[in-house]
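Two complexes, one shared chain (chain A), two partners (chain B, chain C).
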Partner chain A sequence: MSEFLQHLINMLVLGGTYALLGIGLTLIFGIMNVVNFTHGVLYTFGAYIMFIVVHQLGVNFFLALPLAVLAGWLLGAAIELTLLRPLRGSDIDTTMLVMIGAWIAMQSGALWIWGGVAKSVTTPFPEAPLVLGPVSVSWLRLFVLAAAAMLIVVTYLLINRTKLGCAMRATFQDQDTASLMGVNVDLIYTSTFAIGSSLAAAAGALLGPVYVIFPQMGDLAAVKAFAIVILGGLGNITGAVIGGFILALAEELGAGYVSSGYRDAMGFLIIIAVLIFKPTGLFARSERVG
Partner chain B sequence: MTRTFRIIPAIALAVGLLGGAAEAQTIKIGVNEPLTGAFAASGTYVVNGAKIAADEINAKGGILGKKLELVIEDNKSNPTEAAAVAEKLITSDKVPVLMGAWGSSLTLAVMPKLMEYETPMVVETSSSGKITTTGNPYIFRISPPSAIEAAAFKGIVDKLELKKVDFLVINNDWGRGTAEDFSKMMKEKGITVGAVETMDQGAQDMSAQLSKLKGTDSETIIVTTAVDQLTLIFKQAAALGLKKRIITTGGSQNPDQIIAQAGAAANGTMHLTTFLPWFPEKTPNPEATSYFIAEWKKRGYDFAGCTESFRGYDGIRTAAAAIEKAGKAEPAAIKAALWDIKVKGLNGDIVFRKSGPEGKESGQSQPNVYLIEITDGKIGMKTL
Partner chain C sequence: MRSGIAILTIVAFASVPLWLRDPYLMNALITTGIFIIGAMSLNLLLGFTGQLSLGHIAFFGIGAYVSALTSLGFDVGLPFGFRIVHVPWPPIVGFVLAIVVAGLCGYLVGLLSFRVRGAYFVIVTISFAEVVRLVALNWVELTQGPLALTNIPSITIGLPGLGDLTLRTKLQNYYLVLAVAVVTYVLISRLVHSHFGRAMRGLMENETLAVSVGIDVTRTLTLAAVISAGIAGAAGSLYAHYIRIIDPEVFAFINTVTMVIMVITGGKGSLAGPVVGGMIFGLLPVFLRPIMAPEAQWIAYGGVLIVILFVLPRGIVPSLALRFRKPKSRAETLAPVAFSERDAKEHA
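Presenting the complex of A and B:
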């Protein structure tokens, strides 16, 4: 029983981080329809910014987090302006290839700048975990869960309750009509990609200190993010959050009670099952046809 | 403009020809290591160690009167790439001998290419038993297979009073091979083997596996993987309040890096390692060890990398000794000479003994294995 409780706690902590990974991508992949292969690199980028700001500039850990998010926002905006804007309206394959190129270039850039040896970030949290009877959890991971929850709520409100969010949804449903209604379409494209990117960087900045930081850390994160977005339904923030928790639950229980060798397979088996029975994902946003 | 464009290929051709002529003055060794991907850090350490060996040899006049040249290629931590790189090194760079390929799965992928092109390879790091038991006569391994590690460990299991152990190993040829060989040895010693858990090569969250191991009645966990996952495992085990004894194997632990990154979580962990850079006087060849460590520091590399890089150094010196002995840089001659050399390695003499099915044996040298323990952020040696 205590083992099961520990698995549940692990699932909550892991699920929160998966949800954070998922919502950033669901904005870009789901709403903007850009197959964003740079999501993982932005995650890595956020983590390295944390390392630089905390260890090389000596800034406080909590102050470094918003700086990493801002850096992710700026890099995202730069990618949109230089790579995606010239390609707008072109074939999905073209965009995809350019994004794969950007991913490889940026990952190799990280390897070139920082080398392959993993870095770690010291945090102000105590090393001794919080022990609650038979289960224990680290303070850092509780903080990450809380921060992830906050970012998820803010993003949800931004997309569903603000004018900017409304303009975003309108733009990607029908660019011409939105433009006629006075929406600055160019600005919306850039800001949506920048917001999605800043969320990836936020996930990296929060998880970098939990794990270790190295140039390829974003690859696995990106694979999971795509899985979560597809599981939850493209463009649906609530779906991405629930998808994140479902994936975490499948992995925890799969590794704990079935076989740890198939830990990553568990999540994907669920995704295959969902795609068979509900091809648009569990909580797909209703699409305008035509 | 048109004229210029016509001239360029001519210049390129001339440079190519001149370059080709210059290359014939060197003797090449192909180096097939992971410089990007999951094992980038380790592969880079090995290559840096290899360069120290090449520079040392060249400073002393090279081999057979020619300069030694390392042709270094990146196998991207990917078995398919490792095989492709081996083919490129042999057919295009015409190297007569290779060193590689760090990981067991990478080396296993290269092995059929060695058979195809009849070119020998010095295996510097891989520890899967399969490498020297499947009958590939082009393999000469200087790192210990997990069976040798297990045999060395056998002597001290009584002192450690092991009763029941669990395993947490990387899910590839290296990890699963270690779990097999160590389980066999443990069972012979009357130790119960409990759960065998695995983790993917790139996995960063092992909490699920560790939660399961926390719940078993074993007192010790044997962990096999490289430094980055070990760091994560120690941190996550501490966060879960897992207080069992952890012993790691495989020789890719870089204990200094673990201490720096896992902090207090690394205290009390034990590691089976194949090199003692902390105690050069206790190594089999103290003079060579001191030279290597001094050279490593002089080049500004991270001391933590020594436990990895010494294999690159020994690997190149082994290949070079075989070329010298063969008297010519030809694959068949080098392969024959590898059986006759004796190199003063940093971890004991490198002498190849036969291993595997008769008639097509691989070469295996018998390096030393040590057990170290981290206490209060410092490395101490346990006597085996």
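Presenting the complex of A and C:
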């Protein structure tokens, strides 16, 4: 039983960051109809910004986090402006392939600049974990969970309570009508991509210090994000949050009770299972693409 | 005219070993040839049905593993105390089995994923490849996991009256790959000019219209997936018996991306496209290796993919063909696949 409780605790920590990844992707997927293959690179990017800011610039760990989010936002905006805006209106396959090209180039760029050797970020948290009866959890992981939860709430409020969020939701529902009502669709697209990218960077900045940082770390993160989005339903933020926690639970239980070698297979199996049994996602509200 | 170019090309390729003695270049040509076969099979799906399979390397890898295991033999335990013991069979049987098993996997993936389209199909195929990679990595008893399958025998061909010929040298493997590539090209060419090929293109151009004239969508797409996967499996088998060592890294996503870049650069939906794109991207590393680090090369490939999509979205071959095409010949020949009615109108 205590083992199961421990898995649940781990699930909460993982699930928070997975939810961040999923929200970012589901926003971009849902509003822009772009399969964003650079999502994983942004995750890697956030982690490396964390490393650079903490270790090479000597900035405080807690200050580094918002910097990583900001850097992700800027890179996302740059990708949207240079690659996606000229392709507005082309078919989904073309944008998908362009995003694959960007992903390959940027990931290889990370490998070129920072090398393939894994790096780790030192954190100000004590080594000794917090012990709560039968389970224990490190302070760092608790902080990750808290920060992820905060970012999820902020994003939720941004989408549901602000004017920008309202315009984003309008664009998601009907781009032409939104445009007729005076919504600047170009601005919405850039904002959406930048916000989604900054969330991926935030997830990387949070999980990077928990594990190690290496250029390919984003690949699995990207596919996990796809799994979460498919699970939660396209463009559905609440679905992405729940999907993030479901995926984390499946991974924890799979690693704990089946075989740790298949931990990362859970995301893929979930994708395949969902598409067979409930292709609209578990919490679908909206129409599907394609 | 067209067949003349084809024969000239084949003769040119066949003459390469006569003047090229560099073993490193020969090796590059052989692996390029194998990847071109893979790219041709990818083109069948991407270019002629419009479905982007980003898990294509799975079929290639499955072909490689099936062929290797058939010719090496294995002894695996199954649940409930069953064991499967397989004594080695000749590699040529492995080649055939590779096609069959990869084709079956293509059938399964097609059956599952053609209920969904577009982005979802892409993600299903990626997931499939990744699951297969994890199985290859973790089912150590069968696949040796990261330790790799080694000492895979070379392909032996029985020649009537001459006994068995084991294809060990680069020269022999070069001609084997060339022969399979030519057969693949002819097969795909016949296929896309057949009734089935027109059904595929009809689906790609306008699915609703295709359905209304009685084309069975799922059947057509699944059949295309089976053939495409089978060809990729054949390429994988050639790879296994040529390289003679296979590890789960064969399933790396980057290999699928290589094939995709080959198809897109050369021109999707054009028969010669994957060949042209494949020659460029197969041999580019050879020339770039002295001047660029591998990481820098990959940055360049990513950049080239983006630039090609912006500048030549149709790819090299269809763009060239459109430029050199005489207005007369457009009317008299059956429009080669890439130039659909829509394209023709755009350029008219």
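The definition used in the following text is that the second predicted complex is superposed on the first by the 278 of 290 C-alpha atoms of A that agree within 3 Å, B and C clash if a C-alpha of one lies under 4 Å from a C-alpha of the other, contacts with A are read in each partner's own complex, and residues count from 1 in each chain.
Basically, contacts are C-beta pairs under 8 Å (C-beta built on N, C-alpha and C of every residue); 3 or more make two chains touch, one makes a residue touch a chain.
Just so you know, these numbers come straight off a predicted model, no measurement behind them.
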| item | value |
| --- | --- |
| Partners on chain A (chain B, chain C) - clash or fit | clash |
| Which superposed partner A:L275 touches (first chain B, second chain C, both, neither) | second |
| Which of chain B and chain C A:E252 touches, first, second, both or neither | first |
| Which of chain B and chain C A:G182 touches, first, second, both or neither | neither |
| Touched partner set for A:S120, first chain B, second chain C, both or neither | first |
| Contacts of A:A105 with chain B and chain C, given as first, second, both or neither | second |
| Touching partner for A:D264 - first (chain B), second (chain C), both, neither | both |
| Which of chain B and chain C A:P86 touches, first, second, both or neither | second |
| Contacts of A:V131 with chain B and chain C, given as first, second, both or neither | first |
| Partner chain(s) touched by A:D219 [first = chain B, second = chain C, both, neither] | both |
| Of the stretches 5-13, 41-49, 185-193 or 239-247 belonging to chain C, the one that collides with chain B | 239-247 |
| Interface residues of chain A shared between complexes with chain B and chain C | 108, 111, 219, 259, 261, 264 |
| Touching residues on chain B, where the partner in the complex is chain A | 35-38, 40-41, 43-44, 171, 197-200, 202-205, 207-209, 211-212, 214-215, 227-228, 231-232, 238-241, 257, 260-261, 263-265, 302, 304-305 |
| Of all residues in chain C, those that touch chain A in their complex | 50, 52, 54, 112-113, 115-124, 126-128, 130-131, 134-135, 137-138, 253-254, 257, 260, 264, 293, 295-306, 309-310, 313 |
| In the complex with chain B, residue positions of chain A that touch it | 2-3, 6-7, 10, 13-14, 108, 111, 115-118, 120, 127, 129, 131, 136-138, 140-141, 211-212, 214-217, 219-220, 251-252, 254-256, 259-261, 263-264 |
| Touch list for chain A against partner chain C, complex | 29, 35, 83, 86-87, 90, 92-94, 96-98, 100-109, 111-112, 219, 223, 226-227, 230, 259, 261-262, 264-265, 267-269, 271-272, 275-276, 279, 288-290 |
